[in-house]
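First chain written, first letter: the chains are A, B, C and D, and each begins at residue 1.
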Amino acid sequence: MENGAESRELVRIRIDMDLEWKFARGWSFGEFFRQFKGGNIVGIKCPQCGRVYLPPRPVCGNCYEEMHEWINVSDEGTIRAFTVVYNSITDPVTGRPRKTPYGMALIQLDRSDTLLNHYVDQIDLSHLAIGRRVKAVFHEERRGAMSDIAYFRLLEE
Amino acid sequence: MEPARVAAVGVAQTIYEPFKRMTTAEMVYEAVKGALTDAGIDISEVNYIVTASVDLWDGLTASNIAVTEVVGAVMRPEVRVASDGLFAAAHAFMLVASGHHDIVLLVAHAKGSLANHFAVSNWTFDPIYQQTLGMDFLAAAGIQANAYCELHGLNRSHLAGVVVKNRLNGSRNPVVSGVSSISREDVLGSPVQAYPLSVCDCSPATDGACAVVLASKSIAGRFKRPVWIKGIGYCQDVHYLGDRTLTESEALIRAAQNAYKMAGVTKPQCEFSLAEITEPFSYQELMWMEGLGLSEKGEAWKMVESGLTMLEGKFPVNPSGGLIGGSPFIIGGLARMAEAVLQIRGEAHARQVPGASKALVHGTAGPCGQSHAVMILDIAD
Amino acid sequence: MAVIGTGQTKHESRRDDVSMQEMLREASQACLIDAGISVGQVEALVIGNMELFEGRALPEMWCAEGAGFSLKPSLKIATGGTSGTSAVIAGYYQVASGVFDVVMVVGFEKHSEGNTGTGMAFTDPMWDRHVASAAVGNFALSISQYMAHRGTTQQQAAMAAVKARRNACNNPYAHLQMPDLSVEDVLNSRMLAYPIHLLDMCPTTDGACAIILASEKVARKVCPKPAWIRAAATLHDQPYIGDHAERLVTMRTLKEASRRAYQAAGITDPLKQLDVAEIYDPVSYAELAWYEILGFCKPGEAGRLIEDGVTAMDGELPVNPSGGVLSTNPVGASGVIRVAEAALQIHGKGNKRQVPDVKTALATGYGVYSWADVVILSSSPQ
Amino acid sequence: MYTDGQESKEFIAVRLPVTFNYAAGRVASRFFQDLRNERKIMGKRCGNCDRVLVPPRLFCPFCFCDTAEWVEVSREGVLEQFTVVHCQAKHYPFPPPVIYGLIHLDGADTQLLHVISEVKIEQVRKGLRVEACFNPVATVPMFYISHFRPG
């Protein structure tokens, strides 16, 4: 290579990330998952505006009020937004490409005021609509994590 | 320029400890609630929020998402400075000094024990020439410590003096949990991690949050115990370790010059009641003292050995215990600021420096102190 | 205070010829040349970047010297998609404080070096990480609501996508330049997540953009046509995607931030009073939603606005002459580019993408899940 | 599967399984090719401050100007600063002890960071003369220099 020339072959340096984090569940997720493992889905209620939140959190962001009251919410709810995803990403949990297509929805569980982001068992768009009712389907073995819900099943209209 | 009139009017810290059993939101809420209470204000009075956190240490994309609600940033402005808390403090100072915002809430949070701190720090080094060698903050600090000791004829015992002092101070600091005092022999007997640094020369990985409320001069009258920010400065050095003069910190010298100029400080050796210095590693307290102009080059160890920098000494350094005494990385500089505010208010209890009225506060980020922030706090405006 | 110079790299899908640090340098140098000052005259640096996309921790440690800031003050701002605009607003306050007279803001991203979809998905590990479907999935959910409530059609969204890529042809720095793109092409492109087609979505881009902010005193001295910052507003919102019934439909943060900014800048009728807008449009549908939220039209009328060409280059309010985020998306830079392009229009340096006689320009930023930044620039300081 | 799971009631362990590919840029690419193909260590000279930067850079970090010509520097030099890492972690290139050194190669004006091997720890000192050893088949370009050893 003559002096002064830069390289024509461009090098890329591969580095694999191999880090692990241990997240604390704290009192909020600790209680949520304790209930969850036992089959209850619980929300936390703002004493001021009365909104029932999923997931649990220390304060209601709108009112800046501490929340302590747990409310049992239903495992059934209503679709408020939906999509069918065709584009695969590397799953941030497994590190492998996620299988597509899959249905997703923002679901308002009965007695809660926020929407839960989860899979639905339907990839036919003609069956998905805002307002459709769904019910959570749990894995047989429960580990006390959100992934215990396998997906939401569309209920008959 | 005319020093802007900005005061710290409320501070709070969570307990600093490893493997804190709280979510980041729970932890930060505790600090924010404490600081608002301390200032005697309601969240609705806060005009702007500045947070400090770094994604890769938190294992989250945009990790300020985790704290949006608990810092009161719902339908309020928030900005995140992804660095040590004192850099965020410098930015918060400018927000108030701009005249646009009267009350700014400043929050730093970190979970040092969430991941392997040094493994994460490997990702700070450029991926081309340094990261793949396995370089991390520990190895880099080892090189710097060795070079510094070699240049000034110091040995591990000189560094141990800092550890003994900061662990003793930390053990007296109620916001720190699980730090015990240690003898020089035990420090010297502890296993070497990166020569000449032993386990005890490295600050422990701890979790916590620190919140500070800043207010403008125009409204500071309503607060009982304002502590005034008289000057700030920050500066960053070049990156490649082989490009740097590791035995002294030009970036710190410049950061301090800027802060001193703003504050009208001309003799740093004799103007402060105390200094709070961010020392992820023991030797750094010595190096940063020199960079801050508190001592001649290579002589800071004498101030430690003579007891001058002990809590009972004439010029206490890190009465809080510093990072070696238990405060977490990233919060580092902001926790130093919180301690200085408590000292100036006379609320430091067992670690109170008598008559503390003016304090020097320091924060650092990056390998071997690549970037530094300096703040001067004063009881008088 | 004013923007006195702008500079950017040629934005591409992959820049193997430069490292991250070297890429910042291109933007910084271009910006210094544009401003006609030396790096020695710039006192401090603010960097905007989403470090997790490149797997970096404290990337400013390596990259700041690329912008020319060795042994100088440097800070990094990271707030998701708003990182760029947030960095600009941070620089704005730094100059306003009087601590610095001249500050450079550099935003950058090198998406090709990481995995953006996964980088986006590091949401709460306790809650939705196992279902996280990157920006596309989140947008798709919000868009299903937007379409249901506003009656917006896929064709109308595709028109926004076409406008962006055609405008980009006038911008030599833009990533996706597609002079012949048609609405049919967009609708026939691969479905990523219903109703978002590949060509409805912003690309992932390698690129950097810099601006220089200066105090009034300095700006008047060194810049013939400063782009004065008349208002800067930022607002954040609740963190989980499900915390709001209708995020994209109502986006209360952008609505309120723009209201505050308009008020500060004396704008009561944005469609008439703004001469150009550079808005952060990560997906075609969002551009339409923002029209309504920014007050360019009434709710539900955005589709008509795009159909009537109101926001086209020759329309009443040209939106994104640069091609927008839909054409160029190095995330940390995207917000800086919005402000740079808005300033460039006031500087009168838009060349082929110049809108005639720009006096007032709007720039916005958007970040997960609904953070909003609004900046208004003007050819006059008051 | 590493996931949100059973680790304990109080903590959830999570990993970030992502691969990154960093562009070295034209200058570093040539540096690596010269190391691999010709076992030459190249630097670049700054036309302004005259420093020979090793490893080479597109621009001088001190002067912010483009570097001028390529300069071959010696494979030998002086160990200026070092540490010995005794802990085990996955990001280190091999099991402890790992000796990291900043090496001032003859003809260079900056120091090169690398590892020192083939030496007894007690022999490592500032001022030690060292030479580069090469491994053209390394998977990581920085390890085209496998290590430095006393020379």
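Definition applied: a residue touches a chain if its C-beta (ideal position, glycine included) is under 8 Å from a C-beta of that chain, and two chains touch if they have at least 3 such contacts.
In this text the structure is predicted, and so the values were computed from the model without any measurement.
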Inquiry  = Going by the touch criterion stated earlier, list every chain that contacts subunit A and also contacts subunit D.
reply    = B, C
Message = What's the farthest chain from subunit C if centres are computed as the mean of the Cα atoms?
response = D
Message = Can you identify which chains form the pair with the largest number of contacting C-beta pairs?
response = B-C
Key: Cα-centroid distance, subunit A relative to subunit C, in whole angstrom   = 28
Ask   = Quick one: subunit B and subunit C, Cα centre-to-centre, how many Å?
value = 34
Note = Taking each chain's centre as the mean of its CA atoms, subunit C sits from subunit D at a distance in Å of 37
Key: subunit A residues counted as touching two or more neighbouring chains   = 10, 12-13, 15, 17-25, 29, 61-62, 90, 92-93, 145-147
Set of subunit C residues in contact with two or more other chains = 16-17, 19, 55, 65, 70, 113, 115, 118-119, 121-122, 124-126, 129-130, 237-239
Task = Quick one: which residues in subunit B touch 2 or more of the other chains?
result = 19, 21, 23, 56, 59, 68-69, 74-75, 116, 119-120, 123, 127-128, 132, 238-239
Task = Could you tell me which shape the graph of touching chains takes: line, ring, star, complete or other?
result = complete
Task = Write out the stretch or stretches of subunit C touching subunit B in their complex.
result = 19, 21, 50-52, 55-62, 64-65, 69-80, 86, 89-90, 93-94, 96-99, 119-126, 233-239, 252-253, 256, 367-368
Ask   = If you look only at subunit C, which of its residues touch subunit A in the complex?
value = 16-17, 55, 113, 115, 117-118, 121-122, 124-134, 136-137, 140-145, 148, 190-196, 237-243, 245
Key: subunit A partner contacts - residues on subunit D that touch it in the complex   = 1-7, 9-30, 32-34, 69-70, 90-91, 140-141
Inquiry  = Which stretch or stretches of subunit B touch subunit D in the complex?
reply    = 19, 21, 59, 116, 118-119, 122, 127-130, 132-136, 138-139, 141-147, 150, 191-197, 238-243, 246
Key: Residues of subunit C touching subunit D in the complex   = 14-20, 22, 25, 39, 54-55, 65-66, 68, 70, 110, 112-115, 118-119, 122, 125-126, 129-130
